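These notes open a run of structures that come right after.
Consider the two complexes below, in which subunit A is the common component and subunit B and subunit C are the respective partners.
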Partner chain A sequence: MTANGELSPDTFAAFYELLKPFNKTGVDLKPETRFSEDLNFDSLVVMEFVATVEDRFDISVPMNILPDIATIQHLGLAVEKIVKAAKG
Partner chain B sequence: MTTTPRRPTPTDNQTLPKVLGDFENLTAALDYAARGETGFNFYSARGELALTLPFRELRETAISHALRLSAAGIKPGERIALLAATSPQFLIHFFACQYAGVIPVPMPLPTAFGRREAYVAQIQNQIMSAKPRQAFGPVDFLPLLKEAADIGGLEQLGSYDEIATWPEGRGDVHRARPNDLSYIQYSSGSTRFPTGVCVTHDALMKNCAAMNHAVDNRPGERAVSWLPFFHDMGLVGFMLAVMAGQTSTDYLATEDFARRPLTWLRLMSENRGTMSFSPSFGYELCARRVQTMPEGSVGVDLSSWRIAGIGGEMIKPQVMKLFGETFKPYGFSDKAFCGSYGLAECVLGVSFSRPMTGMTLDHIAKDGLATHRATPLPDDGSHVGRTFVGCGVVIKGHKLEVRDIDDGHVLGEREIGRVFFSGPSVMTGYYNNPGATAEALIDGWLDTGDLGYWLGEQIVIVGRAKDMMIVNGRNVWPQDIEWTVEHMDDMRSGDSAAIVLVDAQGNEKPTILVQCRATKAEERAKLVADVKARVQDAVGILCDVVLVPARSLPKTTSGKLARGKAKTMFEAGEIQSLDAAA
Partner chain C sequence: MAGIFDRFANLVAQRQAMLDEGGSDPFQVRMDEVLSQTEAIIAGKRTILCGTNNYLGLTFAPEALKAAHDALDAFGTGTTGSRVANGTYSGHKDLERTLCEFFNKDSAIVFSTGFLANAGVLSTLMGPGDFILMDADCHASIYDGVRASSAEIIRFKHNDAADLDKRLARLADKPGNKLIVIEGIYSMLGDKAPLKDIVAVKKKHANTFLLSDEAHSVGVLGRYGRGLPEEAGCEDDVDFIVGTFSKSVGTVGGFVVSSYPNFDMLRLVCRPYIFTASLPPSVVASARVNLGLIKNGGALRTRLMRNAKALHNGLTEAGLKLASDISPVVAVVAPDPQTAIAFWRGLIDAGVYVNLALPPATPYGYSLLRCSLCAAHTEEQLREVVAIFTTVATNLGLIERRTPRVALG
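== the complex of A and B ==
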């Protein structure tokens, strides 16, 4: 997602909590932290984390956005958009 | 399909007798299956029934779409790329192509975060190889497809829903001859230079029939699958072969399985599934997930599971044992484990264990490859060796040979050599690639490129011949080196690639590329020393150890290490050592 804009502090805080058990590399989590390069997510971990995010926000994350998601910021903004759309 | 169905298609047909494949062509198989009540069912991520597609309805819709394709001027023999999502639309369009004589080329879906460029390049390369005029996919994926198509030279790009709005033509559906192509399958070869396997109707039907016989498909059979349709095990095993045996099949999308693996087992349980296949890692995911839960809390009954097939990669016996023990309290019988071997070049299946015999384990000496002999050892912990799993007996109507690596003579029991396969399932060649075809097909035999040995009537696969390393005149198994490295602390499967580099003086140097997550210099130095020592200890050769960034080693579409590609990329500087990059 090349979506611009700021991630809301609430969303980032939620991701911060969700990512704790996934943060095997022990990097400082920031909006610009990258899933592949910084957190070493492989495709199975990616899916496990997506499931966690879906459960937390009670949404469904479509697979077609995955290739555009590189950072926490990207995924967070996408989630915000999905949540907003779900509320109508 | 428009309303949410209350129940899935029945397991058995009321009156239609079961016929196990061997139809004249794929449309004849669907014509027959459509006379019954069985079919395909699609489940949501939470395991709820979302859609049913009885074979009868699949046939009707596919034929009407075939007439739309023909009316649009798409001619028999042309290729159409189809994005292989786990959706009714993919199945309908795949079969519509069959009824129109058009050749579908299933294409993969993205599975990882942030790899847009790599994914688009992969699609592009497949499009450039198969040269389809059209590509279709789910509407959500069209922007990605469009990016690939802009360079790949496609004439038309559309969503699956669009075709339904095209005007339907008149006339008869296409009747394929046995030697006509049914589809082109891009198997787990290089993503940069993809080779498309040409599958004819005859080869497909012969393989489907032989596989259905091998697993003893019978009344009461019900299949469950989460395997992707862009992989041969999903496409052939759980879409085409099941249909050719009129077997109702319940689908879970691959990404939903990856998110919630236990949904697979819940489906098996609720629908009284009898047959499902997975690479070792699918079983591992489930076992791991359950171990973090209280005992007995999963609430599944796996006693109906008759064929728990294992294929698609080297079978990991310790993982399978873990699954068997974990799910024994849930009624799972480890006799259901069915080791198998196959490759897209033979449509899919080559050999299967006999149903309900469980895994055949063989513990052999580690120097097997060097000596070309699989010397049995007692598996009581007193000898360090390697345990392999029997991949079963060759399918009916086909032949397997194990041949000497050096002079090609046919080998006998426990002699390790190259595995060759012949029979009606063997591909006619790679699409538009006579060079690669000539390398693979020799006098009607397919060189599988795999190494194996006979254990009684079973073939045991031990690794890839093409990647074999020769160090100081000794044959060394790269898999052995990698296995050793990956069983060290903090290492994972796919974290290393053992290759041979040639230095300026022409000296061959065995080298291990190791993915490194550590950032501190002293940790890195320790890792290099540890790997070197462990490999020397376990495999007996001194290797150079090069640390590379995490996730830099390439994988095939089926998730195996692309060792050859790793070597090429490293030599080309596309993978840099961490020291050089720093």
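== the complex of A and C ==
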């Protein structure tokens, strides 16, 4: 899976649910929605959201990748990659 | 063209809104005179200090003052150099030897602050292919340190040994070393790490090491003040202890101690050790003397804990919401940042200094009036602190106005 791949509909649906409580202003969520500019997340909220994603998918998302994550698509693809690697 | 500070516009606006309300600025307090470990003159007013992390009150210990004066006269006001150039004096080596004896470890490295100790050690201890598993509530200096590391960084849930275990288990087939990073006492809420549980998890997994930042627990916990590892009886299982001289030790500086083989080689690679000037000789001399006082400071620790209990109970009985258990850090929760700021201003105007701690620097988004106790606080001072907290909170409508109970007998 490359960073440019398509996000699977299942992953997006899962993110859609997880983002609901974080989506304070009712932004229309799409794969290209940006955490910082569109959802107004600060770095702390990003961390908090990543923690809920970790729980949902039962994975660890390394902090090192966060600087490269701007959109739902970016994080979703990273999660798919981690899940796939964990299954071996 | 965009201004270079445009991206901070929100922050600047928030700050301006706070100043526009009038009253003093919680982040620009100026002490014009320091009367003792527990009192200072702020804005012309005698103020009780209840938020200085000066847990044992050693900032005016006569023995440390004398040693500092002597070192100042003998060695001058500063070293003007790095530890690896002209900045290592006999005092720095004596202090490192004292730290080894104090913690019963083979090596000690002194840095210019605790922040730099974390920055240096965490950026270099683990390398490519290794992993750092840090408690999510760790201090900013730990976050900055690990960010400069080439290891993979994973956060686990605050004080949750089971979550740590799960995350280590996922790395079981990775060959790299793993470093667990925790704090003995967490600075904002004063809660302790579940060290025994974390040590048990560490022992379950191969190639796994443990580092504890004992910034708030050295001098405070343990019969001899060696912090949480001493109190919990697992000193041999904590591979690296980072600490600071800026709290119980009553001066400034940082250190790391360890018995790991060849640990001293970190001096060759820690940039925050190499590329900054070393501590002034007077600071080094006072730190060394105060470590001796800490070791024999059982009576101070007893007084500190008595004071911790008194303030905790007093504020709880007054009806305030606390986010801390009985500990030398007492965290009073305000409903929101605006109320916290008004609360803080009420306290400072009435002569009590505490720390105002707002999100994002606080866990769970709390807005806190963070108090820290000192062994030198008197019962009378603490009664006054409780009375002033009660008045201010009542005026803000946070607690109900009550008729004072009359003590009988």
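The definition used in the following text is that the second predicted complex is superposed on the first by the 86 of 88 C-alpha atoms of A that agree within 3 Å, B and C clash if a C-alpha of one lies under 4 Å from a C-alpha of the other, contacts with A are read in each partner's own complex, and residues count from 1 in each chain.
The rule we apply is simple: a contact is a pair of C-beta atoms (placed from the backbone, for glycine too) under 8 Å apart; a residue touches a chain by one contact, two chains touch by 3 or more.
Keep in mind the model is a prediction, meaning the values are calculated, not measured.
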First (subunit B), second (subunit C), both or neither touched by A:59: second
Partner chain(s) touched by A:46 [first = subunit B, second = subunit C, both, neither]: first
Partner chain in contact with A:34 - subunit B first, subunit C second, else both or neither: first
Which superposed partner A:86 touches (first subunit B, second subunit C, both, neither): second
First, second, both or neither for A:70, with subunit B first and subunit C second: first
Partner chain(s) touched by A:10 [first = subunit B, second = subunit C, both, neither]: neither
Subunit B versus subunit C, judged by how many residues of subunit A each one touches: B
Touched partner set for A:25, first subunit B, second subunit C, both or neither: first
Subunit B and subunit C contact sites that coincide on subunit A, given as residue numbers: 42-44, 47, 51, 60, 62-64
Partner subunit A, residues of subunit B touching it in the complex: 45, 109-116, 119-120, 138, 140-141, 143-144, 255, 258-260, 281, 285, 494, 517, 549-551, 559
Sites on subunit A touched by subunit B in the complex: 24-25, 34-37, 40-44, 46-48, 50-51, 54, 60, 62-64, 66-71, 74-75
Footprint of subunit A on subunit C - complex, ascending: 136, 146-147, 152-155, 157, 167, 170-171, 359-360
Footprint of subunit C on subunit A - complex, ascending: 42-44, 47, 51, 59-60, 62-64, 86
